[in-house]
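Heads up, the thing below is written out as structure tokens.
In this document, chain identifiers A, B, C and D correspond to the written order of the chains, with residue numbering beginning at 1 in each.
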Amino acid sequence: MIGIGVVGYGYWGPNLVRNFAEAPGAKLVCVCDASPDRLAEARRRYPSVRTAEHYNELLGDPSVDAVAIATPVSTHFDLAIAALRADKHVLVEKPLASNSEQASELIAEAARRNRVLMVDHTFVYTGAVRKIEELVARGELGDIYYYDSVRVNLGLFQHDVNVIWDLAVHDLSIMDFILPGKPAAVSATGISNIPGQPENVAYITLFFPDNKIAHLHVNWLAPVKVRRTLIGGSERMIVYDDLEPSEKVKIYDKGVTLSAGEEVYELLVSYRSGDMRAPKLDQAEGLQTEARHFIDCIVNGRKPQTDGSSGLRVVRILEAAEASMIDRGKLVELAPFKA
Amino acid sequence: MIGIGVVGYGYWGPNLVRNFAEAPGAKLVCVCDASPDRLAEARRRYPSVRTAEHYNELLGDPSVDAVAIATPVSTHFDLAIAALRADKHVLVEKPLASNSEQASELIAEAARRNRVLMVDHTFVYTGAVRKIEELVARGELGDIYYYDSVRVNLGLFQHDVNVIWDLAVHDLSIMDFILPGKPAAVSATGISNIPGQPENVAYITLFFPDNKIAHLHVNWLAPVKVRRTLIGGSERMIVYDDLEPSEKVKIYDKGVTLSAGEEVYELLVSYRSGDMRAPKLDQAEGLQTEARHFIDCIVNGRKPQTDGSSGLRVVRILEAAEASMIDRGKLVELAPFKA
Amino acid sequence: MIGIGVVGYGYWGPNLVRNFAEAPGAKLVCVCDASPDRLAEARRRYPSVRTAEHYNELLGDPSVDAVAIATPVSTHFDLAIAALRADKHVLVEKPLASNSEQASELIAEAARRNRVLMVDHTFVYTGAVRKIEELVARGELGDIYYYDSVRVNLGLFQHDVNVIWDLAVHDLSIMDFILPGKPAAVSATGISNIPGQPENVAYITLFFPDNKIAHLHVNWLAPVKVRRTLIGGSERMIVYDDLEPSEKVKIYDKGVTLSAGEEVYELLVSYRSGDMRAPKLDQAEGLQTEARHFIDCIVNGRKPQTDGSSGLRVVRILEAAEASMIDRGKLVELAPFKA
Amino acid sequence: MIGIGVVGYGYWGPNLVRNFAEAPGAKLVCVCDASPDRLAEARRRYPSVRTAEHYNELLGDPSVDAVAIATPVSTHFDLAIAALRADKHVLVEKPLASNSEQASELIAEAARRNRVLMVDHTFVYTGAVRKIEELVARGELGDIYYYDSVRVNLGLFQHDVNVIWDLAVHDLSIMDFILPGKPAAVSATGISNIPGQPENVAYITLFFPDNKIAHLHVNWLAPVKVRRTLIGGSERMIVYDDLEPSEKVKIYDKGVTLSAGEEVYELLVSYRSGDMRAPKLDQAEGLQTEARHFIDCIVNGRKPQTDGSSGLRVVRILEAAEASMIDRGKLVELAPFKA
């Protein structure tokens, strides 16, 4: 049994606790939070769990084999590095860290100590995203033309990060999992409409080496909730609407057919439109699959599907997007990502 | 009665012809097209109309008081300037011209000859857009925070223009009508997925002097048709979905409330969420209202709501967006627009 | 060429005229309407067409081979029987006649004179309904369990018929085309909410011999337009939503699996849920397909897919439903339908 | 503090337990279920709760003031009458009992012992239904014309009751709360598609004395989930869609305007169509409001909004509907309901 300690019992922590409490092979050992009220709440729901106000208590507990971190972004690095140094395996809520140096250091420390470092890119573990990855990998879409996502709603203002670090991180982690190839440059725009607050609306374009484009639209001040991604390919196209209760992924047999025109240099573009199909999806909660995968990686020494490197790639793009946004769309090149 | 000649009887021309044939005060006199087949089709539907294969026939006809131009963009300027020089009033399909020099020259020529020059920004004449303009003008939205539109579908590739000049022109013309203030700079991105074809997907960010942002997403290669605009304001927010059969405009009593926190420098952000309302809209076809407005401007010497200047403003933004897109998001400043 | 005369140029007549004007092998010869204004409108659109205020003019015209009738229901019989007696082929708007005696008489007269008698059950000629028929005929749904349709909106009150004769006729004609087997009994309810007006809301249940049920809900006083049919089968289920712009027919791989329980008499019911598929549909206007089919039946002596017998079957069910509705749901048995 | 015992910890019981565990003024004392596994699950979540395999243990516990019953319908009466006889207050899951005799006896027993008897008509306590009740009571809809609900999905087959007793009970309880006046007669149809199973699809028409009609459509074998109610009135109409995430209730300013025609006996019907409005709704879980109301009724001696009488009225209609369904739509008159 892998003993799990969870630090942070605020908005997201209870979901981690619940899933680890039920994951086969895991034992929820300790919950840590600076707030006694939150700890009381944790004990009310999980009477047998130990609670700790101080992180060192959790780290010092030898029955804790792995630590799951669900605290504000600015604390991710300090908590994660301390856990690794205490020889714990670590799962960190997204984004992995506040900047790429920190992310790299976590990767290095985990490698040095041979610990599992995993980032909580939750959507990667949902049935919808895994189905899309499978379709793309099988080549069903043909060449990918574009990836376009909208993730907007009337959301909580975060005070320590802007909307890019809060919402775009989801789409970047999905893209990191789904798309072949990594982006080479980014151009982003966005503003803060509320004086003194971080940017609440942003638009990010990613350029890929192979004539592919991705675009993310994130907004905390939208009147309606939208979670919709379009993926265009030469053979098929996908609409992924995460708010649909069951048919979240629709595959359209639509596209363009190219043929030679009368003149040798001429290219005729015609449209193709066929059936639409919504495949059956695994209905399991993403976090459940993720918790089990984390345990499996620890027990069997596997590399997580959302390992430190994927966390670092996402953080590097977030940094570049923020830099571009501050400079109103200026192109920021991304150094090549390691395979 | 104002005698109307229409040049171009392809995709859009028949709509102009139909609406002028039925507009009070107008008389459809002549239809001009280079294709005899198209002219035969026009005669089949409007047996009393004269048809002309050559534009000069139309211009030389003294019973033609005004010319409506529905031809490819690249021909707009030549046809319009010739019509003005023949002392005709002119209505030009969007965009007004291929570049801002041409647009300026048309404005100057129309002024010199005291002719009406109007651009066919059709959406400006729809019940939905007019209702939104009314709401914004009355201050119901409070300060405008952002304008975000998506206009995508599996659309026809145009060979002489890219998707910006084909689709974004609609959103720019709506914004020109609705929003107080004009944009000061633009950053755009986009690519062509089909070798040898113009860009089929583009994203345009417009920066306004007063901390307001606008963003347009246009795409000819999308699996589904979307026509949705979000307008965020400090008091209310609008969702305008042009594909809704009747409730195209929804007004959300949602937003952010700011209050002073305990510390003097602290600002608390809280959310407000109230009723939603979908106002009754004028159901008349936009082009019908537009045709009547054109006649009214000619007869009563009024300035069109979509006059040459609005056509020029839109063309200037299109030029800037295209320049930015070619330079992958590079900020292009816009010289101030005249009031 | 088959010469076509159309009687009635009100709401539906112009659609018939337009489609016959464009149908290969047909020639639109004459339009008849009691209103000179309507005839002037017809001449404006079809300048070469003859117009007649009196039906006898149309019947007396030897170049009229076939008559299409688009007049109030109460006049269908008189106009159709006169046309048949004048040796014309006849297409009658739905429903075929005001009662089953009239419908039978029309069938007999057409048989006697060897003329084509067809009823304008338009939906039968749409891509959506034809696709459903094909799926059912191929057995893709397995055993049909139920057919449930909703056809409601804020519709025009008809003064000569109630909502059953106006709206349910569509669903009955679709069912007549799609379903194997004919209903054996009917129970209907409904009321008029507006004093002095015919019933504006009605519910009709049809019982089939083979443990299948159908239900229609029709309403002229609904706040929203709904055109949705559910068809349940043992293997698959269909949702047909005629208001969807393109994906009108969705096939759900859902159903119930029966298996023997531990005890011999025990039956276990479990659920099956798989992919959903929206097949590509023929986009042609139903009435276009229908007009061509009518011409084809005349020229090649074929039996129409919506012949007099199908018109009679629908009228018999309408009569039974109305009788049941007046008696508040009382079961009305239907005499067996001939094959 | 009111001590609460819950009997039945299957599908619905955990919801009752959770809400009573959190209701101010209530103390969750005991959970009773015949299955030791279910009790273990209850203890896991609520470690301080007592569990009982035998109902008598629960009834014998003097710290239990009130019993909430969430067991199969066929057991409701025995469990409830025993609880009342043990001088407990009682909340019974819907429907109150298997027949009206039982329901009447429960009412009588509760009155005799001065105990609160409440039925768990959950929807009555949701923000959506309470808002509709308020609108109807204020006369905003004018005269009610009809009430039409659809409640279908691929649902679990219940073995002890058919789809009417499982699903229609919800709509009947909502109608009992919302509508002025009670139904006078019922006509219902329905069948079982699965041999040996109870009816899985049913249609129920209710006739009201004042020219108003209600209709319920319930189905356990539908490919999609629908929860939609239309309420037509002379002034306004409502669409209540319980699957909408936030705008569940939409009020349409639509209807019919009657005016005298030229002839004294003539009535002209014209349509009115105005704004649509979706009012803000109380977002609290219905069961939370309901649990607090139950406690309040016990503590302050109030009559529940869903008291035994409303439970009885609903059961009487269910009985009549079932009788009519068996007789294929035969009208079943309902004896007058007491005020």
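Simple rule for what comes next: contacts are C-beta pairs under 8 Å (C-beta built on N, C-alpha and C of every residue); 3 or more make two chains touch, one makes a residue touch a chain.
Here the structure is a predicted model, which means the values were calculated and not measured.
On a Cα centroid basis, the chain most remote from chain C in this structure is A.
Among the pairs A-B and A-C, the greater number of C-beta contacts is found at A-B.
Mean C-alpha position of chain A lies 39 Å from that of chain B. We define each chain's centre as the mean of its Cα atoms; on that basis chain A and chain C are separated by 52 Å. For chain B, residues touching at least two other chains, in rising order: 273.
If each chain is drawn as a node and touching chains are joined, the picture has every node linked to every other.
The residues of chain D lying in touch with chain B in their complex are 247, 253, 273-280. Those residues of chain B lying in contact with chain A across their complex are 145-146, 148, 150, 152, 154, 157, 185, 187, 189-191, 193-197, 201, 203, 205, 207, 211-213, 215, 217, 219, 221-224, 230, 232, 234, 237-239, 250, 252, 254-256, 258, 267, 269, 271, 273, 324, 327-331.
Remark: chain B residues 45, 47-48, 225, 243, 245 touch chain C in the complex.
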